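Shared chain: chain A. Partners: chain B in the first complex, chain C in the second.
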Partner chain A sequence: MATTAQSRIKSVSYAKYGYIFILPFFIVYSIFSLWPLIQTFILAFHSNGARTDLDFVGLENFKTILATPAENDFKAMGIHETFWRYMKNTVIIWVGNFIPQIALSLLLAVWFTDLRVKMPGKGFFKVVMYMPNIITAASVAGLFLSLFGDSSYSVINMLRGCSDPAKNVEPLKIISSVWGARILVMFIQVWMWFGNTMIMLMSGIQGINESLFEAAEIDGANSRQTFWKITFPLLKTIMVYTLLTSMIGGLQMFDIPFMLHTGNVINENIATVAVFVYQMFHANFAKPSFGYSAAASVILFIITSILGALVFWVQRDKDAMEKAKKRRQAIKEAKRRAKGGGFTI
Partner chain B sequence: MSKRITYDDGKGGYQTKVLVKSALIYLALIALTLMCLIPIWILVVNATRAHTDIISKVSLIPSTHLFDNMRTLKENKLYNTFFNPLRGMLNSLIIAGGCCALTVFFSGLTAYGLVVYDFKLKGPAFVFILAVMMVPTQVTAVGFMNLLIKMKLLDSYIPLIVPSIAAPAIVFFMRQYMLSSFPLDIIEAARIDGSNEFRTFLTISIPMMKPAFAVQAIFAFIQKWNDYYTQSIVLVSGKKNQLTMPMMVQKVISIDRSPDSGANYTAIFLSIIPVVVIYVVLSKFIIGGVAAGGVKE
Partner chain C sequence: MNKLKKSLALIATLAIASTAFYACGDDSSTSTPADSSSSEASSEESSEESSEEASSEEASDESSEESAADIKFEETGDQLSILCWTPDDVTKMIENFEDKNPDYKGKCNYVNVGSKGQEAREQYSNYFAGGEDADLFVLEADWILEYINNDEYTAPLSDLGFTDADFSGCYPYTVSIGTDNKGVLKAASWQATPGAYVYRTDLAEEYLGAKTPEEMQTFVDSWDKFTETAATVLEKSGGKCAMADTLGGMWQVWQYNRANAWAKDDKLVIDDYCKEYAELAKNYWDKGYVTKESQWDDKGWYPIGQDGSTMGYFFCTWCLGEGSMLSNAEGGEGGATYGKYNITAGPSDWAWGGSWLAVSPNCDNGQLAHDFVKYFTVDEKSMEDYALFKGEFVNNPTVMKKIVDDKSNSNKLLGGQDQFSVLYESASKIDMDGKITAYDAQIKDAFNNAVTKYVKGEVASYDDMITEFKKNAATIEGLTVE
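Now for the complex of A and B:
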């Protein structure tokens, strides 16, 4: 029997509090994220230059960026070439950082979760390996510039003896060489992110039913067999998830490629698409190219959306979907039968 | 955990094999640990050495010139026109601290609204939050800049702090946490006792959600402290008393042919101290938080 107080409470609708509680989020999101997103799409179809007189230009910006412009249009040519060079850098650096990173992280995650390996100090190793991830990217860039910089006094060049004039050793110019700089950026990205990926994969492995590993051990499986027959297949979903989120993150790679240089000139061999977007609207602040920047952003957005859709598709609950499908079919079947039954009688 | 099974069939011995394997893994782990720590150690060491020592040989032993280097940073015109570590830390602290407080409180509030109440737009609201979680900052940057110009908010801390009220990923995390470990009966009980809805949230829900709030607060703080991208968009004129720590460091490293390596190292060293201290003290929560983010239901 409900008391009067209880039935009174049940009769009160609290729905309005739901709206009140989520309202601040939606107001602020609309102003500072949703509206800018819409603005970006609008700007992508408008001209560049001073901010007050932007004209609608249709797909012009996209054409300039993506398709080869006319031979004599040097400005458009420059923008077109810069975009593609930066896109190429983005892909190269992403691939070159993701493959070693995932391999290393997976290996470490398997080691850390292996029941058979006795390992004191696990916690310490995890803490140390995650640490590079929390250090400010600007500081990391500065640190690696002083370690691997072009000058004779960077740590790597001093170890080769460049600081000693008597030895007369040419300094190694990693930052200004094309592949040297790229490989260094890849290394820094791995250095900063492998701990993070490792911990994510570890929690994935720990989610696998432990009895499977024990059964394998009893059946005499060695580590390699356990990995390829149990861990890897069951980890596939989380791996694909890591792959796609890492691709989305890779498209946004900005800080290290933007800052790994001395002086004020961006290093063209490692600059990414995110740097392109930033440069177009920010670097030349007096006369920004909002249109090109926005168009490149829209291209980024489309790629990200496709990857994001893939993430959802990979993560969908297959069992639940199968069940829902079966349920729908059963209902259909029952309805059909009920109808058909009517006819046969 | 089950008892370890051993096969001692005389051929090499299972135990020996495990021992050898453990030793090899240990060596690899030590190598990786060194890879993570040596760059940072060199930074710390060189921050304490004088310029002349640094350019004469590499060393892994700290010296005593830390305060001399700090004085150079303070007195040399090349640095002190933009580098002021105390001011930078204060500015970063204001931004990161403000963001952290707002983001945790309002994400908690939003998640609470989505979990506790039933209303028509609950489903669509959640789907919206899920959908926008993946939108990269870079994509909104141009529009954001345009908005700031129109609203005359450039060179202000408002657009750095206020937007963190809306953090989709944190709302998502908190919602999952509440669904799994927040007893809704207690809200009924509070209502019967005459508590209004906001008071219930403030005095009952927040204390019960402390672990989730703590983890998200740490992450938000570190992420906002390190967020060079947004800061450099908003603080476009780079006024000295507005610069944050990452922006100051960026200016230090872009000095061409720095006259004093010791001062450079010290500047970078000063910039990483706050986050590293926070990390070392709270590493347990942080690692746990990363792992929790990786487990998907």
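Now for the complex of A and C:
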């Protein structure tokens, strides 16, 4: 039996204050994030239409989206083809924006952190390069529409002389062309995000022990050797992080592809899966297709999870795993030997 | 120092916390009974005034006084909130209404919901769910059915004390669109929206020798003629002047002239009309009878009205006022083609869109809402006043006839021409009975999308275009496509 003094000491636990302080987050999170998340999974297995009468339909929505539709089933054809077209767009635009973005960011990050490069106004450039990220996507879309729009009066077409009917120059139709629009979106994404990625990579490089660079310099390594032998291998963890966040962000890309069009109809050459999700439940106000939206979200979720796991599997630390394996074996060996020794307690 | 820091932190925390309580107060409770009685008194006064003014209107005033008793809404609100996606109409209406009803000065309030009709369509329901003050709101022809067929969002106009007979002076089509599937009148329109062809007088004279709108009309009175004229204009201008402004503009004329509804028993209807329009559009696009700009793309749509790359626009009533699309196309006051346009009926009668006033079941200014709706949709005298004030084609043939006969309207943008005299003819022919469905907005988008692909050669043949259209339309939940 504990004495009263002992129990009093036991009850003075500061842990509960910690829990109280983090409680608001968990309450808000479960109402506004966790529940909608669960609800998405529930909706994915229910029928579409008015909100009141949704039946459980099993995997029907997934089947419509993924399976090849029957002949003359225009609904399934429409949804299936739209989804895959948008999926293709998503992958193309993501790959086309990630590779140049990471290359550019890495280059700039190395330059900005290199001790030998004495660049004046580093802070200024960092701010300027980060700036596009601060502008709202809607403004960016509006800006690029007026720069590269299909109209004879967009900046690019005015420069080419299209605004003068006497010259009779056909205007460039970038937004409504397939690859023109895609490349434009890739460019916008790179332009908006390279500053962000650069700052992330710079922090990664600055985390590398300076003495390593000094040692390399003393040993006569040139900048290329320093980069490939020191910076790049030690930057691996931050690169994996960038790759993952960019992948998740890329698969959910929505704002620019959604807004870069004129008129009522969304540009289907750049529309992404997230646009599909939005379109499905949003287009028809009276009878929203929540089922298809939710199913597409779940598919996206599964793809993201698989890709994320893949990235981790590729980037796993092989040495550490080898060591762990050896240790386990050694323990096993020791135990067996101990048993074999005939020692019983 | 430490104390200062602590107190600063405390103040900051309190300030942030206090924002959490913002908007929790009940607006309606702030209005005292005295308030509502005074507004009642004032409305009596105003009705007395108007009865003194015009003895011929006594009858209608009496009926309104009778029906005033039938208003089923409470009188607890301070402000009449009118929801719309654009200030163009509602702010003008409020200005005019408050000007003529000084007792209501400052009581009407325009609330912006969305920036396009499509946006408002989605956002109204969210706005209502938020429990904010909403008395009247504006609905657009393309999606009005979604709202008026739903009793959660709209109350019958009889709850405001109106009878069907009150709207007997309106254009019948506006009444039938405002009636829900149970035959209850849910929305009233203040405008009729006939359209016409608005053209450059200088170019018409140069290329066609047409000096008056009547002469011009002979060149454009049917689609065959219109096409012929387009060929002439293109040739005479050396290939730079197109007859029609945009595919979107041509489409507005065509979408009205479809004989069948887009859907019958929730099934998509595709008929010869679709082929006819698609082929015409392709022909126009390929030959350059229509510009390649897109409608509503401000950067392209308006400048072509000044640089001579289009002869004219397909515009309707609400495109012709001060600060409207026509004004933009002319470059505004002092613009290159300001006042150089004239209006003529064009190849066919048509109407474009239209807005209806509906009343929310949560309306809390019954009397004011009643007076507002009455002012713009029932009362002929005030409607005439508003027609001349804004240049609006109001929803009453008698009033419009009077304005045309009196020649009291002249439009600066049209070089002093009275657009009503042209539009009045086609307005009486507007008939949309049974032609609008709840799917219209989306079906039309899907169809146009397919046609655009067809004219640009992205789909090879008309049949492919129809398949494309069917696939797009089929994704609309509730619509069957075969």
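By definition in this document, the second predicted complex is superposed on the first by the 293 of 345 C-alpha atoms of A that agree within 3 Å, B and C clash if a C-alpha of one lies under 4 Å from a C-alpha of the other, contacts with A are read in each partner's own complex, and residues count from 1 in each chain.
We take it that a residue touches a chain if its C-beta (ideal position, glycine included) is under 8 Å from a C-beta of that chain, and two chains touch if they have at least 3 such contacts.
Because the structure is predicted, anything quoted here is derived from the model rather than measured.
**Student:** Should the pairing of chain B and chain C on chain A count as a clash or a fit in the superposition?
**Tutor:** clash
**Student:** Going by the contact rule set out at the top, does A:262 touch chain B (first), chain C (second), both, or neither?
**Tutor:** Both partners, chain B and chain C.
**Student:** Determine, under the contact definition given at the top, whether A:146 touches first (chain B), second (chain C), both, or neither.
**Tutor:** both
**Student:** So in the superposed three-chain picture, is A:37 touching just chain B, just chain C, both, or none of them (first/second/both/neither)?
**Tutor:** So A:37 only meets chain B here.
**Student:** I'd like to know which partner A:84 touches here: chain B for first, chain C for second, both or neither.
**Tutor:** It touches nothing on chain B or chain C.
**Student:** Considering only touches as defined above, state whether A:163 meets chain B (first), chain C (second), both or neither.
**Tutor:** A:163 contacts both chain B and chain C.
**Student:** Which of the two, chain B or chain C, is in touch with more residues of chain A?
**Tutor:** If we count touched residues of chain A for both partners, the winner is B.
**Student:** Have a look at where A:126 lands relative to chain B and chain C in the superposition and call it first, second, both or neither.
**Tutor:** After superposing on A, A:126 lies in contact with chain B but is clear of chain C.
**Student:** Check whether A:282 is in contact with chain B, with chain C, with both or with neither, and answer first, second, both or neither.
**Tutor:** It touches chain B and chain C both.
**Student:** Contact-wise, after the overlay, does A:24 reach chain B, chain C, both or neither (first, second, both, neither)?
**Tutor:** A:24 sits against chain B, while chain C stays out of touch.
**Student:** Looking only at the overlay on chain A, choose which of 57-65, 255-263 or 273-281 in chain B hits chain C.
**Tutor:** Stretch 255-263 of chain B has C-alpha atoms clashing with chain C.
**Student:** Would you tell me the residues on chain A in contact with chain B in one complex that are also in contact with chain C in the other?
**Tutor:** Touching chain B and chain C on chain A: residues 145-146, 151, 153, 163, 262-264, 280, 282, 285, 288.
**Student:** Within their complex, state which residues of chain A touch chain B.
**Tutor:** It comes out as residues 5-6, 9, 14-22, 24-26, 28-29, 31-43, 51, 104, 108, 111, 115-119, 123, 125-132, 134-139, 141-147, 151, 153, 155, 158-159, 163, 191, 195-196, 199-204, 207, 210, 214, 217-218, 220, 223, 238, 241, 248, 251-252, 254-255, 259, 261-264, 274, 277-278, 280-282, 285, 288, 290, 293-294, 297-298, 300-301, 304-305, 308, 311, 315.
**Student:** Once bound in the complex, which stretches of chain B touch chain A?
**Tutor:** Chain B reaches chain A through residues 1-2, 4-5, 7, 18, 21-22, 25-26, 28-29, 32-33, 35-37, 39-40, 42-43, 46, 54-58, 106-107, 109-110, 112-114, 116-122, 125, 129, 132, 134-147, 149, 159, 162-163, 165-166, 168, 171, 188, 191-192, 197, 201, 222, 225-226, 228-229, 232-233, 236, 245-247, 249-250, 252-257, 261, 264-265, 267-268, 271-272, 275-276, 278-280, 283-284, 286-287, 290-296.
**Student:** Using the touch definition up top, name the residues of chain A that touch chain C in the complex.
**Tutor:** Touch list, chain A to chain C: 48-49, 72, 74-75, 77-79, 81-82, 145-146, 149-154, 163-166, 168, 171, 176, 262-265, 280, 282-289.
**Student:** Considering the complex alone, what residue numbers of chain C touch chain A?
**Tutor:** Listed in rising order, the residues are 118, 121-122, 125, 143, 146, 150, 239-241, 248, 292-297, 299-301, 303-304, 307-309, 438-439, 442, 445, 448-449, 452, 456, 467, 470-478, 481-482.
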